[in-house]
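One chain, chain A, appears in both complexes that follow, with chain B as partner in the first and chain C in the second.
== the complex of A and B ==
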């Protein structure tokens, strides 16, 4: 292990890690938005939109992110949509993550018994209030485990961003292996940085899960 | 009319080559699944054992494999292990090794989850009925576990097929690589090929995974 090499290229990895985290976080935020919208459409059974959402979920869940990214990055510009790699990465992550998030929210909503809604309505709450104060808080806590798993999954998936020439951690590692043949050092840094990114999320996730375990009511 | 660049697919044997590329990816995932299923079942069984040390070892293995992106694992095996041990690995072998390691961990966790989801009274009732340990597993526990397990295991297969797209990054010639080659060759005659070819790749991956995940969904509903 050549520690001088590691010290020299640490800043490069730092920049790459920041890019990974930045794109990952933005992508996941959009994925959550897409997921919430899709879950709401399915929950309220809005015609037409519901079918579109169903097709979208199947398409995005049954194709790999790498293929989606290639299509967005290399394919779409041919139709005149020129996007920067960063934007492509975010769109890809939101496209993939949206369906996973939608499924986790939907299954959370499904665990809430109809009686909860009916009781809220019979207490004189409006539909909106029932959603806001009764159903959503319970559904959100029920979908926490799946949600955390999705966040970790999506952060891990950002590793394919290097394929659309984004200078993320994978790109940096591959670059250094190719340039200096310092395989061990490059891979060591790669693993360390991924652990720095993923471990806190994983630990935080299991803490959150433990707290939310008792949140379900009447189920 | 808008040129979508679909015409290149009908030139020569391009479509066939794409399908062969898909077959390479499928082969890697099928071999890995075939190996990692039995290993995963063994692993899951061991993880429910009372022995704390065995449980701890498998826990560590599972967490290490799960927290790393699969691409990092591929890099470690393909670039790292060859450097450290000085052996030669083809991209295909390296990817099979990684997918077996990963599949075993995931499958082990699924088996463990299915086993501990069987309520304790099932064991106790069968004991009360005078069934031996083997009979308990043979007639009570395993049938129930299998029902819970199969849909999840089928889902793991689709995840594995999707993840095989990553082997492109360690130089295995699979569908995406073939697609890139086709696009490069036809750059002059059909500049829009990237759209059509990658669209077809997208659809082919979908067609490979969709029926499998539909089956999983169907079984899950039926056996609930």
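== the complex of A and C ==
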């Protein structure tokens, strides 16, 4: 192991890691938004929109992120939309993550028995109030485990970004291997930086899950 | 002449081709305690759910103090505030403390002052002996305690009428009494109540009027003593027989 090499290229990995985290976080925030909207449409069984959402979810979950990124990166410019690689990465992550988030929120909503809503309505709450005060708070805590798993999954998926020439961690490692043949060092740094990003998320996630389990709802 | 609170006219409820409720007529006066009994699946619970517009109906009208109660209508949330409902499965909100369960609707729906609501909630809890559970979560309570809290939650909205849907059916026998005592107390206070129950002794004690349902019809309607001692219809006699046992003769 050549430690001098590692020390020299550490800053490069740092920059790449920052880019990975930045795109990952923004992409996941949009994925959450897309997921929430889709879950609400499905929960309320809104006609037409519901079918569109179902098609989107199947399309998004059954095609690889790499393929989705290629469509966005090479396909959209043909339709006249010239997007930077960063924006393409974010859109790709939101497109992929939206469906996974939607499924986790929907299953959370479905664990809340309809009679809980009726109980809220019988107290004079409107549908909106029942959703806001009774259903959502319970559903959110039910979907925490799936949500955490999705966040970790999506952060890992960012490694595909290198394919659309984004200088993320994966790109940097491949670049350095190509330039200097320092395979071991480059891969070592790659693993370390992914762990630095993902371990805290993972630990935080299991703490959150334990807290939720401790709160152990169930009437 | 007492004030008519609830009027049900020609209520017909169908579900998947079956007629659950078939042209029911009923009026309830202020302060009246009406107990509905009948075999399982006769439509008792459905009837209560229709009064609260939790179920769509196919024909007929339901009105509370002259205000029609229509499934899916705009003013529903307003009418429902006047109708307290207690469910068999309690349906407390598991993510809120006992006190928050009680205070949520008065504060968010009726926009009442927090301190005033809290004072009333604590008073009501004290009355049912659960003041020390105010900060507990529902999962920390026994079934009987949960059901008493559910009753208090309904009361805190100051409803005109209370609906009880087999509220002791899910309870262990020794907890049934504590819930029934709360309901007896409410009856003494002159509350208007419609109670669906299988507790015949309780029905006899609490009711001003007993209504016997079978297959979506009101088969018999009478004062409790009359209904339980001298049922007029054959169907009611059959039904009441289920609750009495004859002494077994041992062949020695």
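The criterion applied here is as follows: the second predicted complex is superposed on the first by the 213 of 219 C-alpha atoms of A that agree within 3 Å, B and C clash if a C-alpha of one lies under 4 Å from a C-alpha of the other, contacts with A are read in each partner's own complex, and residues count from 1 in each chain.
Here is the rule we go by: a contact is a pair of C-beta atoms (placed from the backbone, for glycine too) under 8 Å apart; a residue touches a chain by one contact, two chains touch by 3 or more.
Quick caveat: nothing in here was measured; it's all calculated off a predicted structure.
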Practice prompt. Using the touch definition from the top, say if A:210 reaches chain B (first), chain C (second), both or neither.
Written response: neither
Worksheet item: With the two structures laid over each other on chain A, which partner does A:116 touch: chain B (first), chain C (second), both, or neither?
Response: second
Worksheet item: According to the contact criterion defined above, which of chain B and chain C contacts more residues of chain A?
Response: B
Discussion item. Which partner chains sit in contact with A:133 here, chain B, chain C, both or neither? Use first/second/both/neither.
Written reply: second
Discussion item. Let me test your reading of the model: by the given contact rule, A:184 touches which partner, first (chain B), second (chain C), both or neither?
Written reply: first
Discussion item. Going by the contact rule set out at the top, does A:141 touch chain B (first), chain C (second), both, or neither?
Written reply: second
Worksheet entry | Which superposed partner A:45 touches (first chain B, second chain C, both, neither) | neither
Discussion item. Touch test for A:125: chain B only (first), chain C only (second), both, or neither?
Written reply: second
Discussion item. Just to be sure I follow: which residues of chain A are touched by chain B in one complex and then by chain C in the other one?
Written reply: none
Fill in: Touching residues on chain A, where the partner in the complex is chain C
115-116, 118-126, 129, 133-134, 137-138, 141, 215-219
Worksheet entry | Contacting residues of chain A [partner chain B, same complex] | 58-59, 61-64, 66-68, 70-71, 74-79, 152, 156-160, 162-163, 170, 173-174, 177, 183-184, 187, 190-191, 194-195, 198-199, 202
Worksheet item: Once bound in the complex, which stretches of chain B touch chain A?
Response: 2, 4-5, 67-72, 75-76, 79-80, 83-84, 158, 162-163, 165-166, 168-169, 176, 179, 183, 191-192, 194-199, 201-202, 205-206, 209-210, 213
Worksheet, complete the sentence: Within their complex, chain C touches chain A through residues 52, 54, 76-78, 80-81, 83-85, 87, 89-95, 104-105, 108-110, 138-139, 146, 153-154, 157
